[in-house]
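Chain naming follows the written order as A, B, C, D and E, and within any one chain the residues start at number 1.
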Amino acid sequence: MSRIGVFVCWCGENIARTVDVDQVAEACGEMPGVRCAQNYKYMCADPGQAMIREKIASERLDAVVVASCSPHMHLKTFRRAAAAAGLNPYRLEMANIREQCSWVHHDKDRATEKAIGIVRTAVAKVRYNHALSPIRVPMTRRAMVIGGGVAGIQAALDIADAGYEVVLVEREPSIGGKMAGLSETFPTLDCSQCILTPRMVEAGQHPRIKLYTYSELESVSGFVGNFEATIRKKTRYVDMAKCTGCGECQKICPLKRNPSEFDFGMGMRPAIFMPFPQAVPARPVIDKKVCAKIVRNGCGLCEKKCAPGAINFKDQDELATERVGAIVVATGYKLYSIGREQPSAKTTGYGEYGYGKYKDVIDSLQFERLISASGPTNGELKRPSDGKIPQSVVFIACVGSRDNAKGLPYCSKICCMYTAKHTMLYKHKVHSGEAHVFYMDIRAGGKGYDEFVRRAIEKDGAKYYRGRVSKITEENGKLIVRGADTLAGVPVTVETDLVVLASAMRPADGVERLAQKLNIGCDEFGFLMESHPKLRPVETNTAGVYVCGACQAPKDIPESVAQASAAASKVMISFSASELTREPEIARIDEQTCAACFACERTCPYHAIERVELRARNGDLIKRAARVNQGLCMGCGTCVSVCPSKSADSEGFTEEEVYAMVEALA
Amino acid sequence: MAGRMDAPPTKVVRLVQLGQWDAAMRVESIWQCVSCQTCSARCPKLVDCAGVMDALRQLAFERGAASPAGRAVMVFQRAFLENIRRYGRLNEIDLIARFKGEVFLKSRSLAFLFRDAGLAGQLHKRRKLHLTGEKVRDRAVVERIFERAGAGGAA
Amino acid sequence: MNFGYYPGCALHGSSDDYEQSIRACLGALGIKLEEIDDWICCGATAAHSLNHKLAIALPARNLALAQRQGCAEMLAPCPMCSGQLLRAGQALASDAALRSEISSIVEAEVNDGPRVLNIIQVFERVGLKALSDAVTKPLKDLKPACYYGCLLVRPPAVVGFDDAEQPQSMEAVVAALGAKPVDWNYKTECCGAGMTMASPETVLELSGKILANAAAHGANCLVAACPMCHVNLDMKQAAIQEYSGARYDLPVYYLTDVVGMALGLSASELGADRHFVLAREA
Amino acid sequence: MSARISREDLRKLVAEWLAAGKKVFGPVRVKAGLELYAPLDSAEALLLDGWIRPANSIKELVFPRHEALYGYRILKNRVELVDLAAEIPEQIAIGAHPCDAAALAALDKVFNWDYRDEFYNRRRAATTVITMACAAHDDQCFCTSVGLGPEAERGSDALLHERDGGYEVRAISEKGRILLGGLAGETACPTAQTSGANTPPRRFDSAQVAAFAKEHFEDPYWAERALACLGCGACTFTCPACHCFDMVDEGNGREGVRARNWDACQFPMFTLHASGHNPRANQGARQRQRIYHKFVMYPDKFGEVLCTGCGNCSRNCPVGLGVLPAATEIGNG
Amino acid sequence: MSGSNGFEPKIVAFVCNWCTYLGADLAGTSRLEYPPNVRILRLPCTGRIDTNLVVKAVEGGADAVLVSGCHPGDCHYNAGNYHARRRWMLFRELLDVLGFDMRRIHFTWISAAEGRKFQHVISEITEQTRALGPWRAYEAKAEIDHRGGLVGQAVSPATGRAGPAPALQAPAPLAEQELRDLARRLLGAGDVKVVIGYGAAGPVFVTKAADVERLVWNEGCQANLTTYLKRKEVRALGKPAVVVKGCDERSLVVLEKESQIRREDVRVIGMACDGMGQEKCAACDTHEPRFADERVGKAGGQGGKPAARYAAVEAILAKTPEERLAFWSAEFDRCLKCYACRQVCPMCYCERCIADKNRPQAIDTSPHRKGNFAWHIARAMHLAGRCVGCDECTRACPAGIDLRLLNLTLARAAETQFGYRAGMDPAAEPPIGAYSLQDKEEFIR
């Protein structure tokens, strides 16, 4: 028979006013297995806790029920007290007779009767409570950051500066991300590269940052504190160690007219190239789709020209393995690509704007490159079709964003600001030019943001029309933009030289695949899901995986950087101890009775179920079974419900405990 | 079309949003709308503007609230429906005769009456003028369909 | 290859040149058309303007007749008709209560009506490769502006055909015939459609723009797939020229005309000699 | 001297018993194709013909599938027992077959061998069995192979023979005599003594079955024979003579009952030890056990076989096994 | 305070730890009074709240049960409530067909912020239950409509319990010969070690080419032989070939999905079948095997009427809940707990059935009414979205319980709610273990 102690709290008058605590204690004293039942004014106060400790010792109690407030209030308190007296803390249960009894009832007799009932269920349960010890998981104090844009760089530098090693994985040949290609940044109009490149160099040279560029995450196994990441280093054909970054190869490469990815097709690059001069690492890569040596075994000039002999046409993809304890995802965004690819099949995207048909209809990132001092035109604004300086530019906002019909219902948040910036930059370059903006609403919340938009309108004279553009056609080298001015209530037609579409922000390509690898969630648009929108904005529902930057939602540079630092600090918190302590109230599976149907595996929200093979000593397979990964399980118990043989059980709420509670109500 | 309209589709939709039905059905635009569906296809908020126009025309028709310029459109469409009710298929000559006749009775415009009259000869030359239109065999069922759809007295 | 056939009023009225063209052209391709017995008018603009229920009931009756006739795919060459048929079919498919109401109104059970096709889709069923192989007189000198108009591609949710803004399917068909379609801007603009009678000025203005843009992009003819568009662009071309003062003299062909010509049919076989603007002899 | 009773009078008799508060069990048709022995709620429910053998047996009258033996209450530090004994009303089985009645005689021995089972005996004492001689048989009947027959008397308190639209009634025991009073005669019906169409042919020799089972205890025959066996309890639960049970406590931590429920040697759990070891590790061993018990162990102890040839095991087996097919194979030399 | 009859209902509330329990705490901190009739049981997540627990509460005398958790999207464990919602949908369908009083089983989403909602829900349920009176779910008079019953019972010719309805068309003797030839070839070539097929008196296990004459193919071949794939005695014989009909074949799809077999380890001999005269045959749409490695014969009959597939369920739903409960009480009162239903079922392959687990004893082992209801509810729930409708349980039941009706109920729910039919499409996602954000929840307050 158990030796259970029941301690009934008065909570001053809070409980005792409505519940007859003497009667409760007396009734509890008669319950099977109860060794002693006491009541006291404040069980949570020191004397109350001392009473519990004393009784555990003197009555050799093997389980305790404290009938007082909500377990969410004091379960930890009382379990600590029990532990101090040498009782396993998980052998202590609480009966909530305050929030769920004395505070919500007035009739003292019935409240007392209910309180006794509540304690009875707790007593019935605690008899079966297992003694548990916290699960300790070793913590590899080393982080991986996926994505080397401004958010990834920030997170990597913060973690590295705190003294931990960081693996930074970037799929492009250089880190820097989208920001490296921007012209100037709102609302201060400071040069984007001027502020970013020093950070890129810092990251590239940091002793604790290991850079994997032109590399992608292949797979991840393990769990918080113990991830094992496999990274695919894509074939570069250039030996990173031998190459000095001199650039001779780029000069000699005869195949110079390939659209530059970095310039979004606004400029050209050779087959062997660095995406931009300040690239980190300053090493070129060969485009295997166009290189004549690779495509048809011709040319090979670069190989001959390269003095250090860094060109290696036999190069192949390599897989590297890294053990890390935490992962930060900062994969950023891409633009809604108008008319070419849509988020879902049911949408057809903006054929009426003629993007892809008319050369002078471009998107906002292309415009950034056209107007960037380091861009393909060296900062001189020349339109793509004929290189003329446009005397008029039409900017169209919300292309894809806030469009339920053929785009995405959400607001991309930054377009209002960069469109205002674009009009300014344009007016600063072409003083006589006209900037027209078609918009739906102006959303400029942020420090100095609305002032910035007003400056574009009032000081730089951009013409803003509140209305949508219906159609763009090309006539004699001019683009005819037909739209509406809803404030004036009239249709508007603007003849212009260049049209810039502020396309919606979407998560970068492949984010869904990445999310699957990491077992984190995506919303319907592919943005990664945070654990809680307010309170856990950079955590995900997989322990040890964090998100920051535009992969989580559209955001601008300051926000991305702030979030990156937040993610970094979360990582550092988890690195503050060498072991990770996890609550032991998680699931377990009886492998002997498990029928290996793996219903639990399909159901587990945390992918915490593993398949194991039980083998005899001679290696013969005895059976297959499911097993819980203790590092991943969060203890929801969903597996227990779907387990037909109830081989799965959840500690803290085992089948025995739960049925004992239900039966105690009978 | 919007350029010719007294109220652009945005205004028509706005009036409807505000519940100002009377004002909306008296707007000229609803009769100028050619049902080309462009507005519906382009609206980012999935508003079926062309459908709204349809609905307003229907409302105006039921309440007899068509604007003066809309009357011709209405008369034509009523004549069209009446034509179908009678024959099951369009009888062009009958339609034109009825339409022109009705407008003439109201407008007394001889110019209107005889405009396009020259086309008749040309159509005839091209064997496109069919003086006896087609009729469906089961005209009674057409009549009953109109009856049940609440369009018995279409004209 | 067999299709159900819903000609619609226009093709049995003043646009019977279109029907002539369709029958000649598809006949040459070995396609049989089974006309829906005792079909009735689809209701056109007038029904959907004035009576919503009628706008569903009239096409529904035709769908039911086609179903009764056992046809799985039905050609409705007039985009107005095909739009009305498609719209009614979708409304009925998604609403069982409406389906039963309409069934009793039209005195025929409407369940799974036939799949409604436009003329371009029929050529797609034939296959561009097969079509190209059947060409005996490649139309090398033809530089058509392919004109879709409104209802072939709009509203996209109803017709679900091609790209609503930059359609290419008709160009693909004429290219298969050896012609060189021009790229132009007005292929989905409205010609004025149902306003031919009620508001003639609207037509003159809208259709005028279309002709002007086609001419400006170097087209030597237009290809259309809609009887109403054809009326406005062809029959009214003289009036348009008078109204705007410009001269185009652009022949306006039905898509089946150009396909037929490439197959070696003569203009008179196709009824193209009955158009108002006739091609100048090359 | 025998007596006769018409069908109508038989029903009237049943109605009288019911009116007197006696529990009457007899064959009823539960649904198309399914006849069971069940408590009669009216005399009309009694099924007098159109069936061969109900899918269950009358052993439920004396040995219910579930029987609460006593209750318990858990107090602070001790357990208190509660007597649940209730009056067992007088119960009558009417229309049972000789193969059912004979099984009761076999059960009497089991429950009164080294220990007199008070629960069984209380019910047995309250029970009178009025058997109806069989008018027909089917392919599964084999009473003649186990020493019984369609008119066997063993276990019956009275016997009815169907004749000329009525029944010859004969009391066999004192109980039967008391229940039927003047209705019953004392001698066997002479015309019913013939083995006619109601007598199934003899299918096997039970002594040979016993001999085979003893000699071939480890023979792979059993495993092969049992391949189709699914390990359910349909055979044992519908057998009039199988009598294994399990003891369970059912309650809620404060109070409950201790009950005995039928158990079946075909269940893998039947012989599973707490250690995890199972002496009858496979279905072959379990099938062998059933034959062995019926034809060797029970006869060794009580001198008769524990099978009355009713054929229920085969009729109810979803996969066509049972005593008859096995015994036919091994009991014919 | 209490009702005029003095009846105080007992309400059992199963709540999740993170939303509803905190919502109840908030009601306390806000001093929102509600009747003291409710007993709150805290579990980590609605995902943990097994339907067996609800049944146990009802057995224990609850007059109403509430299950409550986080609103969709708010689950502390991401998706536990979505999984729960899906199970509840099925569970409710089952209880409804059983005739349980659905006015006493409540589901809500109550967040940690909804103290007031908690108060309202408990007050309403208490008042409503007070008006309903005590729940005597297990005290119904067992009643079966003897005049034909709810559903006719076709009984196996193999067991000879009743004359079967005639098969639609007698299977062709040609097919039998073809089958034997095939078996001879497979065994002879050593491709398989045993052919599991139908014999004259029941299943046979042919291990030698010389014995293939034991195989038969006739209108008595009702059994679903795939159930033998789970039996270790059969597995020990080596690689099997199993004779299946189009309907039986569906169980192989499920078994493979559930990792019980590897398709390449089993040679499947598919028999074209025009029906075996069973009830299921009337609505059969799998006359021809679809996945078999070897095919024998060709079905001549036409497809069954899929519309009639769930006619039996609709028929019982046309009765009142009281009539349904009386019907099932009578059915289950006959249950002997012989477990023939379980043993014969190809989907019941657990090494230790929950009915045989005694710590805790979730399902009473006794064959009394509560124990029988609990067993058949648990079995039906375990087969939800898995049962392929072979009706072996019904065929095997010596007490003639209409078990197929329970399975059909949940099969119908799986098809109507989730568009899923077990074993039809190997690529389809089984409804249990998955969820959709669009799952219906109009029954959840």
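Details
In this section, a contact is a pair of C-beta atoms (placed from the backbone, for glycine too) under 8 Å apart; a residue touches a chain by one contact, two chains touch by 3 or more.
Remember, it's a predicted structure, so these values are computed and weren't measured experimentally.
Path length between subunit B and subunit E in the chain contact graph, taken as the least number of steps between touching chains: 2.
Separation of subunit C from subunit D in touch steps, taking the shortest path, is 2. Ranking all chains by how far their C-alpha centres lie from the centre of subunit A, first place goes to D.
Taking the mean Cα position of each chain as its centre, D sits at the greatest distance from subunit B.
In this view the innermost chain, defined by its CA centroid being closest to the centroid of all protein CA atoms, is E. Chain pairs A-B and D-E differ in how many C-beta pairs they share in contact, with the greater number at D-E. If each chain is reduced to the centroid of its CA atoms, subunit A and subunit C end up 51 Å from each other. With centres defined as mean CA coordinates, subunit E is found 40 Å away from subunit A.
Computed from the mean C-alpha positions, the centre of subunit A lies at a distance of 69 Å from the centre of subunit D. Mean C-alpha position of subunit B lies 88 Å from that of subunit D. Multi-chain contact residues of subunit B (touching two or more other chains): 38, 41.
Shared interface positions of subunit E, i.e. residues touching 2 or more other chains, are given as 60, 361. Residues of subunit D in contact with at least two other chains: 252. By the definition given earlier, chain contacts exist for A-B, A-C, A-D, A-E, B-C, D-E. Listed in rising order, the residues of subunit C touching subunit A in the complex are 156, 163-166, 183, 185-186, 213, 216. Looking at the complex, you find that subunit A touches subunit C at residues 339, 348, 350-352, 354, 357, 473-475. Contacts from subunit A toward subunit B in the complex involve residues 352, 398, 402-407, 440, 467-468, 470, 484, 486, 489-491. Across the complex, subunit D is touched by residues 1, 29-32, 34, 124, 660, 663-664, 666 of subunit A. Contact residues of subunit A toward subunit E in the complex are 70-72, 96, 98-101, 103-107, 110-111, 113-114, 117-118, 121, 521, 541, 585, 592-599, 602-603, 605-606, 624, 634-638, 640-642, 644-647, 650, 652-653, 655-656, 658-663, 665-666.
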